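Encoded as structure tokens, the structure appears first; notes follow it.
Note that the chains take the letters A, B, C and D in the order they are written out, and that residue 1 is the start of every chain.
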Amino acid sequence: MSKKIAILGASGYTGAELVRLIATHPGMEIVALSGERKAGMAMGDVFPHLRHLGLPDLVKIEEIDFSGVDLAFCALPHATSQEVIKALPRDLKIVDLSADFRLRDPAEYEKWYGKPHAAVELQKEAVYGLTEFYREAIREARLVAGTGCNAAAGQYAIRPLIEAGVIDLDDIILDLKNGVSGAGRSLKENLLHAELSGGTYPYSAGGKHRHLGEFDQEFSALAGRPVMVQFTPHLAPFNRGILASAYVKGDPEAVYKALADRYASETFLEVLPFAAMPSTRSVAGSNFVHIGVSGDRIPGRALVVVALDNLCKGSSGQALQNANLMLGMDESEGLMLAPVFP
Amino acid sequence: MSKKIAILGASGYTGAELVRLIATHPGMEIVALSGERKAGMAMGDVFPHLRHLGLPDLVKIEEIDFSGVDLAFCALPHATSQEVIKALPRDLKIVDLSADFRLRDPAEYEKWYGKPHAAVELQKEAVYGLTEFYREAIREARLVAGTGCNAAAGQYAIRPLIEAGVIDLDDIILDLKNGVSGAGRSLKENLLHAELSGGTYPYSAGGKHRHLGEFDQEFSALAGRPVMVQFTPHLAPFNRGILASAYVKGDPEAVYKALADRYASETFLEVLPFAAMPSTRSVAGSNFVHIGVSGDRIPGRALVVVALDNLCKGSSGQALQNANLMLGMDESEGLMLAPVFP
Amino acid sequence: MSKKIAILGASGYTGAELVRLIATHPGMEIVALSGERKAGMAMGDVFPHLRHLGLPDLVKIEEIDFSGVDLAFCALPHATSQEVIKALPRDLKIVDLSADFRLRDPAEYEKWYGKPHAAVELQKEAVYGLTEFYREAIREARLVAGTGCNAAAGQYAIRPLIEAGVIDLDDIILDLKNGVSGAGRSLKENLLHAELSGGTYPYSAGGKHRHLGEFDQEFSALAGRPVMVQFTPHLAPFNRGILASAYVKGDPEAVYKALADRYASETFLEVLPFAAMPSTRSVAGSNFVHIGVSGDRIPGRALVVVALDNLCKGSSGQALQNANLMLGMDESEGLMLAPVFP
Amino acid sequence: MSKKIAILGASGYTGAELVRLIATHPGMEIVALSGERKAGMAMGDVFPHLRHLGLPDLVKIEEIDFSGVDLAFCALPHATSQEVIKALPRDLKIVDLSADFRLRDPAEYEKWYGKPHAAVELQKEAVYGLTEFYREAIREARLVAGTGCNAAAGQYAIRPLIEAGVIDLDDIILDLKNGVSGAGRSLKENLLHAELSGGTYPYSAGGKHRHLGEFDQEFSALAGRPVMVQFTPHLAPFNRGILASAYVKGDPEAVYKALADRYASETFLEVLPFAAMPSTRSVAGSNFVHIGVSGDRIPGRALVVVALDNLCKGSSGQALQNANLMLGMDESEGLMLAPVFP
């Protein structure tokens, strides 16, 4: 029997992506969709690409009867999310896609997000949603915090290298090229087609991007000592995709082996042959991650490049993968869709 | 038990799209892939987005043992296709995606394609692949000829209007905006990103596009008299999608009713509310077609706009839909993937 | 000695385009720039591409001393423009880029723009700014009303055909493909890169676009009888450019001759060889217009395709061309920049 | 009196860009254009955006009478260029845009380009064309070797830092995001719109890109010791622009000061306020370079980001700037065109 699913915040891109993925999921059924400003609208009017699906209309969250709901995806803005989740039934399984429950330390949350957390007790309960590294905890979790999309890309490149002890922990540089859907459906001049297409530029440069909080938390825990990376995202004129170029110091062969070994049995993580490089186009529209490793003419340098779809594996696909685990389903259910190319 | 599928010409875009669709089709299994110049290569090297699938390597057609194959998709260039198909086993079910078997009249073929047809007897046998209008014949067919992508878009707009007798048959204008994947993986200067992005222009203007042969054949047969349309495609800087703007003379309400009635029970054809207009983005990556109808301030004028994905519904999705019928499967099997947006 | 120029509404795209063009104009100097919400900012902060120019900061209009100003470009939103211009010195030369003074008949203005005109007397004074057809009047004018960008594109296709009497006046269809900068710097979901890139769709379909008011006024005056065209614009994923495909009934050779003759001595209007088709990319960034004419296999049909840059020839370039005339300068001064390709 | 200019290899993008720039140059006149495969064609047929200019037709190089030519731009493929230039009159001033004369050491040339140099004596004569650093030598030169576009971008970021001694010479990482016109008009699958648009990927990763030869030569000469940088370019879906993100170790304020001081009097190089970041869109279509510097939360790290237009400042604009010097003209003549935005 199908599990009953609610999606809160369904009028944004990650909400729409969840609907797209669940549309062909054999074990889930969407029973409620919320959207504050667009409450009352048909989902097919908000997102015409979903009009063929027999979806419930958008409602306000308070109109949803959660008694029959097995799991709720929460695709709300951060800060809002913690308020909403605090008020939901305590036995409802929740996958949160916002930033609200990613950082376990309330002080770190306040440092990066600029105000105290409103649901500190839930913050403790939440399990970090990077599936391949928290799988067992996610299976048992009630509340899972989806990772930042950049944070996912960067961690797929670096975590196995820290685990294997093959790189210099004090010299990790992450240079990311980001598709624009990561910025959401925000009405900003720099996100207009007329301004974004045809070029690229860095943003949040200088160690200011909030996903650094996740890198700090995760890499330091893994290393057992503080690890700080240098991280610069660049906005580029495509809709889906993150390409993370990680510059590390270590033996390239050891770096390659650490990644290849760690991901050998992972369904969605593909380590390419040594020196082959990934492209975001080859994963767009899918839950797959392609990873390339190269050495350099300078000995002791390695380049690790990770490509993923920020909306899918970086957000909604990851969320669904986690929900599958939480509901006792096969982890890859509904997620084997091949990338769309060209 | 899964049907065994061969794809001839798998190194082009329509071949890759077939693989993408069949990847999640529960009743089909790909047993052979051919690619002349790329024979010997792994499909994942030709198309890295398909590397996670356990696909057979590309081979030359003559290396394929067709004895266990239930159906072959033929995604070869026109002219080549007729030579290849002529040499295939006569009991093999075939869906051809080329232009070779679309025109029933050898003289018409020669007129539009510039040389005599090399397999005239097969030309007679072939069933035209516009599923919603040739469904019963396709079910019984051995050889189905996929339609031109422009021809599909235009016919979805116009056929019901001819059937219902609601428009002036002598004044039909089709203005198309075409994504570039319709040109295939051709190495031409005008298809380079540097030259195509950022603008648009007409091509094959002046009644010279080969898909006119299909319009003539189909519309004239339907009307029982010669019908000629004026048709201008425009190349536009996107990868997937055809938007066909059809200017017709007739009562807009009658036009709307003819389309809405005709497609009411079709799974993939969605007629939008009157005056709502479709977008190619809302069908990209899927087998769905969105159709909008509007009147004008000038009485007796109607605008019908059809949006479809040229690679999917306009080509490989249509081919799979037909294959499903030919193999006795549910017509929509493997084709219910939702469009990808944004 | 340089003429002193003010640009009102300099924080929008047409304002920035005026600054770009005037930057290399030998006879003009920008002495004032206004921007309501961005008053106080440096122009180089609003538009970093202009930061190398020694431009005045943005101020509010009321802060500008117009006594030393020779000519003001008014690049404000419609409705605002009429209020602002009404309050400017009555001897100041003005080129208005808004819609406010394009329609000479107050009733037509109210019909298309939904409220009464606030400066009816100025409406009478204003000269319509389609340079090649109103050149002498523009030379003497104090107030020139820049045309709509679609209106310019359509008129370049059709006016000579009406003048020459070579087409059926009751069957003119204009199908336009429009770059997104024509929508201005508006914060709307459909103008976001994530939503606009990768596809196309019609807008203002069904005879509802306001530029129809200009077509009606101009074509009817020219023909000496009411002329109504059917006009559908389509938003397409590029920044600069309009491609107008005009479907007319008449002898293609006569159509070609009418255009070639009419534009033979025009600096910016290039009629391509018969059957050659223009591309927006070949005029982007410039004041040039390329025009192509083709016949059809259906006798008595002609296709006229016009390509221009909506921001330049369709708006700011046209404005500068008119300002040159009004100030007694060479019409093409500052406007001979070649298109940018690729 | 105008200087007489020949452009060899005018059918490629850098040739067309030279024509565009010279079109409004007051002191130059194009008297000959060569194009091997397109000899006999009108330039306006090869590049319709240049059709309004009264240009000579394309001819073969051997058809050109160089006796009246003051300067030739050589925009030919590398390897071809050295053969052609060797055969040109020895008193002809030449700006070569190929890679053939960038490396002074024949062994280095052979190492990076895979075969011995065919004009070693000219290699010695050639002056490296990075104008702001070789200005005086260029003024006296007969043969100037235009820099690689990536090499220009990287050197603008790093040279002043080496000169000022403010960074660790053994830890310089250059991560570039490159527009596709840098690849020229090459017919390759990965440059097709259908394949390049919508994503990004690294190329020539692992220390294999040929522009490394230029970095090695220039940085080592400057430092007086071997300097090797790690350099990875990424192809991104835009036509014009390079964004070079340089990760260096040094005090950010000292880094900023070194750049700001060095470029304070340069017309085309703009160092933005500290922590402000450049965008390729803000320089596209122009000869300007925008440079941003930021620190990091990790002390002793600095990020320098350089944006330039690869076709203009990275190639043809640089070439024209050098030609101006060689011909005794003002260095910025014909190059003050403002960037085109949006």
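As a convention for this text, a contact is a pair of C-beta atoms (placed from the backbone, for glycine too) under 8 Å apart; a residue touches a chain by one contact, two chains touch by 3 or more.
The UniProt protein names, listed by chain, are A, B, C, D = N-acetyl-gamma-glutamyl-phosphate reductase.
Bear in mind the structure is a predicted one, so any value in this text is a computation, not a measurement.
S.K.: Comparing A-B against B-C, which pair counts more contacting C-beta pairs?
M.R.: B-C
S.K.: Could you work out which chain's C-alpha centre is the most distant one from the centre of chain B?
M.R.: Result for the farthest chain: D.
S.K.: How many angstrom lie between the centres of chain A and chain B, each centre taken as the mean Cα position?
M.R.: Taking the mean C-alpha position of each chain, the two centres sit 36 Å apart.
S.K.: Roughly how far is chain B from chain C, going centre to centre by Cα mean, in whole Å?
M.R.: Spacing between the chain centres: roughly 39 Å.
S.K.: In chain D, what residues contact two or more other chains?
M.R.: If we look for residues of chain D contacting two or more partner chains, we find 13, 181, 194, 197-198, 237-240, 278-279, 281-282, 284, 342.
S.K.: Would you mind writing out the residues of chain A in touch with chain D in their complex?
M.R.: 171, 173, 175, 177, 179, 194-195, 197-203, 205-208, 212, 228, 230, 232, 234, 236-241, 243, 245, 247, 275, 277-282, 284, 292, 294-298, 301, 303, 305, 307, 342
S.K.: Which residues of chain C touch chain D in the complex?
M.R.: 13, 16, 19-20, 23-24, 47-53, 181, 198, 239-240, 270, 278-279, 281-286, 288, 290, 311, 336-342
S.K.: Report the residues of chain B in contact with chain D in the complex, numbered from low to high.
M.R.: 13, 180-181, 183, 185, 187-189, 191-194, 196-198, 237-239
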